[in-house]
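You will see chain A twice below: alongside chain B first, and alongside chain C after that.
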Partner chain A sequence: MDRIAYTPTPSRQLFRITLPLFLLFSLVPSLSRSASAQDIFGEANKAPADRTRVAVADFKPAAGSVDALRKTFDATLFNDLQNAGIFDMVSKSIAPPVTPGTPAEMNLGQWSPAPVSAAMVAFGSLGVTGGKLAVNGYLDDVKNAQFPQVLARQYSEDASEDSARQIAHRFADEIISRLGGGVSGIAETKIYFVHAAGGTKEIWEMDYDGANQHPVTKLGQISLSPRVSPDNTRLAFTSLGPDGFRVKMYSLLLGRMVNFQGAGTSSISPAWAPNGKDIAYSASGNGDFDIWISDVNGSLGRKVTNFKGPDMSPVFNPRTGGQLAWISGRTGLPQLYTMEADGSGVSRLTDTGYVSAPSWSPNGQFLAFGWNRKYGPGAPGGQDIYIMEIASKKWLQLTHDGGQCDFPSWSPDGRHIVYANSPDGRVEHMRIWTMLADGTDRRALTGPGNDMPNWSWK
Partner chain B sequence: MSSLPIQSVPMRTRRQADRENVSAGFIVALAAHIAILGGGAAWVFWIHASSSAWGEHTLQSGSISATMVPSIPLPPKQRFKEDSVLTSETPSAAPTPPKAKAAPPPKPNEVLIPEKTVTKPVKIAEKPAPAPPKHAEVTPPDPKKATMGETSGVRIPEAIQQVKNGTASITVDDRSFGQRYAYYARIVDQKVSESWNTQPMFPGAATGMRSVVVFTINADGTPSDAHILTKSGSAPFDVLALRTIQRIEGFGPLPQSKPITVEFALDYKQN
Partner chain C sequence: MNELSKSKSLNTSFSHSYRRLLLAASCAVIALTTGCHKKDSGIPPQSLGPTTTEAVVVPPPTATITADPLAIDLGATVVLNWRTTNAGVVTIDGIGQVPINGTQTVSPSNSTNFHLVAKGDGGTVEANVRVTVRVPVTEAPGGTTIGPSSTRGKISDAEFQAGVKDMFFDYDSFELRADAQTIAAQSAAFLVQHPDIRILVGGYADERGSAEYNLALGENRANAAKNGLVQAGVAPARIRVISYGKEKQFCTQSTEACWQENRRAQFTIDR
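Right after this comes the complex of A and B.
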């Protein structure tokens, strides 16, 4: 990032010298072959190991196009690709002022020279015919003049602002999946969170980019820690009702509560197994919370921890479903532990401070959690988001000096983390933020009064 | 008191006696209160000091250190060209140029003394000219280099990337694939380079080590059958090169149904 990093290093100069030599020694069978290979050489030499540079042309208005829908579509598509975190986006202000609607109208020569220097360009057309929003989207490889087309997609939905956004999300996810090495994009995913208003807390839902915030539950109680099932059909959460804290279940398909009978007299912090058939939660009959695993109805429960001291906030390894990470206070302050799902192989990952709310990365490699490393009266520092590589127990602090940060949750592509932040530590000022998994590109998704985000599985 | 007559000293009124009694009782009560409060504070302090509820007194075994996590599944950051600010949507903050500091003006009562500059002639040692060889040297043939008429096939790397641990070059055997789906070759290149970037190097790694790994990319994008084609001469280096490929979960579905074979050369360059 610094300025020095961009000056040509001796190794790169050497590389430039050795390249022609390398070409000299290879025997070139055909001229076209050598030409295309050299093109790629030049490109790779100029921008080593960089992010793919992607440009997005404004979509061409087709028959019956509505300006508002087209603007929504263009903005959403650009933001989705920008938020993906894997592209270097060409700013719209320097993109050529053209709107090619079809591959025939695409002139790649406008997109390849500096300062645009795009490697890929997305374009297409958008129109409304018979009440349906019809979108043709294309993705072209600017460097490949002979076979430029990478992707071509057609979408047709009811003409509305929401469907324009949904189509843009879907097309962006196609591009991200194609260029991101097979990892699906997150533009179609949802985030569930706790919204506090009027003395009650309800579970709300929003798109990944903070748009379309709306309530899911209307219980008039204090509902906490929402966890959506891997198939996006059910929502498990903790609710404080007349019978104390209980794990509750809401069916997103039926739009109403369904039965969940947890163990003990109070149960909290549910977590879904990646197979969608098991739920881990923390339950207590006598005040000592332990981790239980049951099926989706709360029956067939079995206790997997048995130790004095609270055990709570379990989370399954989403890759294998065979391990659990959880928070245990068996040695005093809450610390982070992992174990096999049958309760064996307990391993402690942190040895100091106050740990809360673990979230396991989709590839199973990392744990994200809130951690107050120097906890106690008069101790310096605050609660921040950390990630830890489980195999090596090496950790990395992602947030710094931003007040209290808690409740991290990984996105399904493993590139983003959503979390709650309160600049002054007060609960009513909690806002939901998102960032890349390396702690950069932070931005707020909601206003104050929103807490405990949970990113859907897909 | 000293000005009073002596006779008046023992003549204490009842009121004065009462006042003295009250003040004595007050002092006793005050001392008792202080003793109770102090005892309470000492008890709290003793409880706090002796309890292990804070977790700070537990054994610090297996202590972890503040080291960076080696790999987060994100591509490297776009480098920012300072001369083209508008090309990137999220450029890093350009450092503000430091303000030129003006030299303080000389005070009116000061007299400037000119600095003496002594230039010494730089001595340059004479280099002995190498004697020309008496006989023409015979260079042994390089086993890795193809010579005219003996080559079995030609492979031109589709792309070469300069990465932290050296360079990585990719060759796809299927020539038409490389032309038709050049973008996919670049994705493979980028993924392998990222994986290579994050490999921890062992102490004995030397610049110039080069392993060539061959692997197959299946239709679903998963790499398989990775093996070393050309050894580097260092077994740990070959293992690292092999692990670079094996760590990758997938490159994304192939644009064609036929699997492709990819050859990847991994070099090491000490930074």
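Right after this comes the complex of A and C.
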């Protein structure tokens, strides 16, 4: 747990500077394209050269404060800012042991000297009155003695452990959005995943930090490949029924299954278009899976691939909605392809190994995917998470020597990737992990038996 | 790439250990002045999702089951051998509750999947072993077809299994091998003589590779098996295909023998 008690050290500074260099030199062309300097990949590394140093004071107990809720709030707020990956957080162990509850009680002089050296400090108060959890949160610019206030927010929710966490997430997202160049934070986002237990697989949901894990579906079946709609109202997934696997639809608003017809006798691996109106998926009518696009009810389907060999795992370009990436076994082992959404302009991005589960970055620039570059019977090498810049087909390996990694999914801010990992390759040992999009700062979010994560769009 | 990635990880581990060293040093300095008193007020573990799941975890049960031999002639016996850990209740389908570790001799009359479920405080795990029973083929075309029971379409599962056998596939392939072609011809002969039966073909894949790709591969295998029967004279309308991908593993060990058991098209009566 050395990441909690973080202090800026020379070695950290060094690492920050060497990381872009590493990115630059480690790019090996996967196809026989001449490699050029990849300054674009420098931008993929979302870590700025100099991170803002942020301190968080423990919140002051106000009237009727409940200790447990306050501790949850304090921990969640700190973790959210830490997890954002764009701040240099002041460890709570070196922060001044004060709890300013209002701007009047804030003494910025305590927060500017070394070793705290904070540029920004978040603070406030938390109390419970009439069953409502009331939180006042502030963010001050330590260097601006005259007009320090950057943010002031009030929250009031029914008092519960969950609302303490959710308010902390909201306040954290305000801070992240304000200090992170206007990119919205992800502390309020959800991750959907497959939870295996007792011979069935259900779709579950959790907060982005792994808290609040709970089931969504209770079908008592094998359900796979959850994909939440861009507006968080529907969940498309694949489920085994009497006629085999089919794409199914669950309404998160109604809390029940809704109709999805879909093409073919069997359909798998749904994916939402960013407009929330089209769904791409893989369907088979005659034994061979092809990519189809339908509306949200599974009607008006049109087939966009037509080639012998399986085609599956489509994903829309979330920025334009005009392109699809998908996996095809048309030349043998599954490889990564892109095309226009009408089926034209097919381009193959990988030429070796075994590729799975592409996820398109929110800015449209990158694909993340699982790749076993030396796949084959008896071949050495593991399956790892890679990202590829689509324009140049240059790729970068994000995980190393950690066993089987699969099903990457980008966070909506494009700074994080959630994925599944099994140290020994056994399905029952799969857990869900998160990392920054440059492969650093890996953390497990779940225990074993959890697979196929999908990060919500907002 | 390897060189660079190695140097990166070296760099990381170096910076980690260096950081830890510095941290210890700075903590020691603070300890001198302030007593390092904030140490336990950092973050309560209960509010950290990830560590919560790790902290309260009860070791999940494990289970393995083996059969020796894996394939027998009708009437011969097989020794089942199972081992579990962290399990409270262990059951095997068709046998019932059994000791948590044990052996048993069985003599199945047709190919059987012995399905073991081990339940413990840490969860439930399953293990499977499939025993293939070789029923003499000569009976199928001659004896049973003229019998009154078969013309009524009242075929027992055992008779069906004897007449229509599993087809096995090569790694990442859905081409019918020579042995599968032979099975297709024999099975088609049986099915043509029993026109009342509808057939369900299940396509299966081994545990390797992605779940979504294996669903497609299973579909291709089931369909290849169907086409094999159709080309040998079975009406396509009688045959339904379902892919189970790698979601229904009969054999759960990471061995080539086990993977081969799983890479198959399996036929059942579609009732």
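Heads up, the rule we're going with is that the second predicted complex is superposed on the first by the 409 of 458 C-alpha atoms of A that agree within 3 Å, B and C clash if a C-alpha of one lies under 4 Å from a C-alpha of the other, contacts with A are read in each partner's own complex, and residues count from 1 in each chain.
One rule holds in what follows: contacts are C-beta pairs under 8 Å (C-beta built on N, C-alpha and C of every residue); 3 or more make two chains touch, one makes a residue touch a chain.
Here the structure is a predicted model, which means the values were calculated and not measured.
Undergrad: One more residue to check, A:K303. First (chain B), second (chain C), both or neither?
TA: Neither partner.
Undergrad: Name the contact category of A:P115: first (chain B only), second (chain C only), both, or neither.
TA: A:P115 sits against chain B and chain C alike.
Undergrad: With the two complexes superposed on chain A, say which partner A:I94 touches: chain B (first), chain C (second), both, or neither.
TA: In the superposition, A:I94 touches chain B and chain C alike.
Undergrad: Report for A:V150: first if it touches chain B alone, second if chain C alone, otherwise both or neither.
TA: first
Undergrad: Touching A:I86 in the superposition: chain B (first), chain C (second), both, neither?
TA: After superposition on chain A, A:I86 lies in contact with chain B alone.
Undergrad: Have a look at where A:R442 lands relative to chain B and chain C in the superposition and call it first, second, both or neither.
TA: The answer is neither, since A:R442 touches no partner chain.
Undergrad: Which partner does A:L333 contact after superposing on A: first (chain B), second (chain C), both, neither?
TA: both
Undergrad: Thinking of the overlay built on chain A, is A:I387 touched by chain B (first), by chain C (second), by both, or by neither?
TA: In the superposition, A:I387 touches chain B alone.
Undergrad: Overlap the chain B and chain C contact sets on chain A and report the shared residues.
TA: Residues common to the chain A contacts of chain C and of chain B are 2, 5, 11-12, 15, 22, 25-26, 28, 91, 93-94, 115, 332-333, 440, listed in rising order.
Undergrad: Which bits of chain B are touching chain A when the two form their complex?
TA: For this pair, the touching residues of chain B are 52-58, 60-82, 84, 86-90, 92, 95, 145-146, 148, 151, 154-163, 167, 175, 178-183, 185-187, 189-191, 193-194, 197, 221, 249-253, 269.
Undergrad: Could you please specify the touching residues of chain A with respect to chain C in the complex?
TA: Contact set of chain A toward chain C: 2, 4-5, 7, 9, 11-12, 14-15, 18, 22, 25-26, 28, 58, 71-72, 75-76, 78-79, 91-95, 97, 115, 165, 197-199, 201, 206-207, 209-213, 222, 224-225, 238, 240, 243-245, 265-266, 268-269, 282, 284, 286-289, 310-313, 327, 329, 332-334, 354, 356-357, 370, 375, 377, 397, 400, 406, 425-428, 440, 443-449, 451-452.
Undergrad: Show me the residue ranges of chain C that touch chain A in the complex, using the header's touch definition.
TA: Checking each residue of chain C against chain A gives 1, 4-5, 8-9, 11-12, 14-16, 18-20, 22-23, 26-27, 30, 36-39, 41-44, 46-50, 52-54, 57, 60, 117, 123-126, 171-172, 207, 209-213, 215-217, 219-220, 222-224, 226-227, 240-248, 254, 256.
Undergrad: Please output the residues of chain A touching chain B within their complex, sorted ascending.
TA: Those in contact with chain B are residues 1-3, 5-6, 11-12, 15, 19, 22-23, 25-29, 33-34, 36-37, 40-41, 43-45, 48-53, 82, 85-86, 88-91, 93-94, 114-117, 119-120, 141, 143-144, 146-147, 150, 177-183, 331-333, 335, 348-352, 363, 365-366, 376, 387-389, 392-396, 414-415, 436-438, 440-441.
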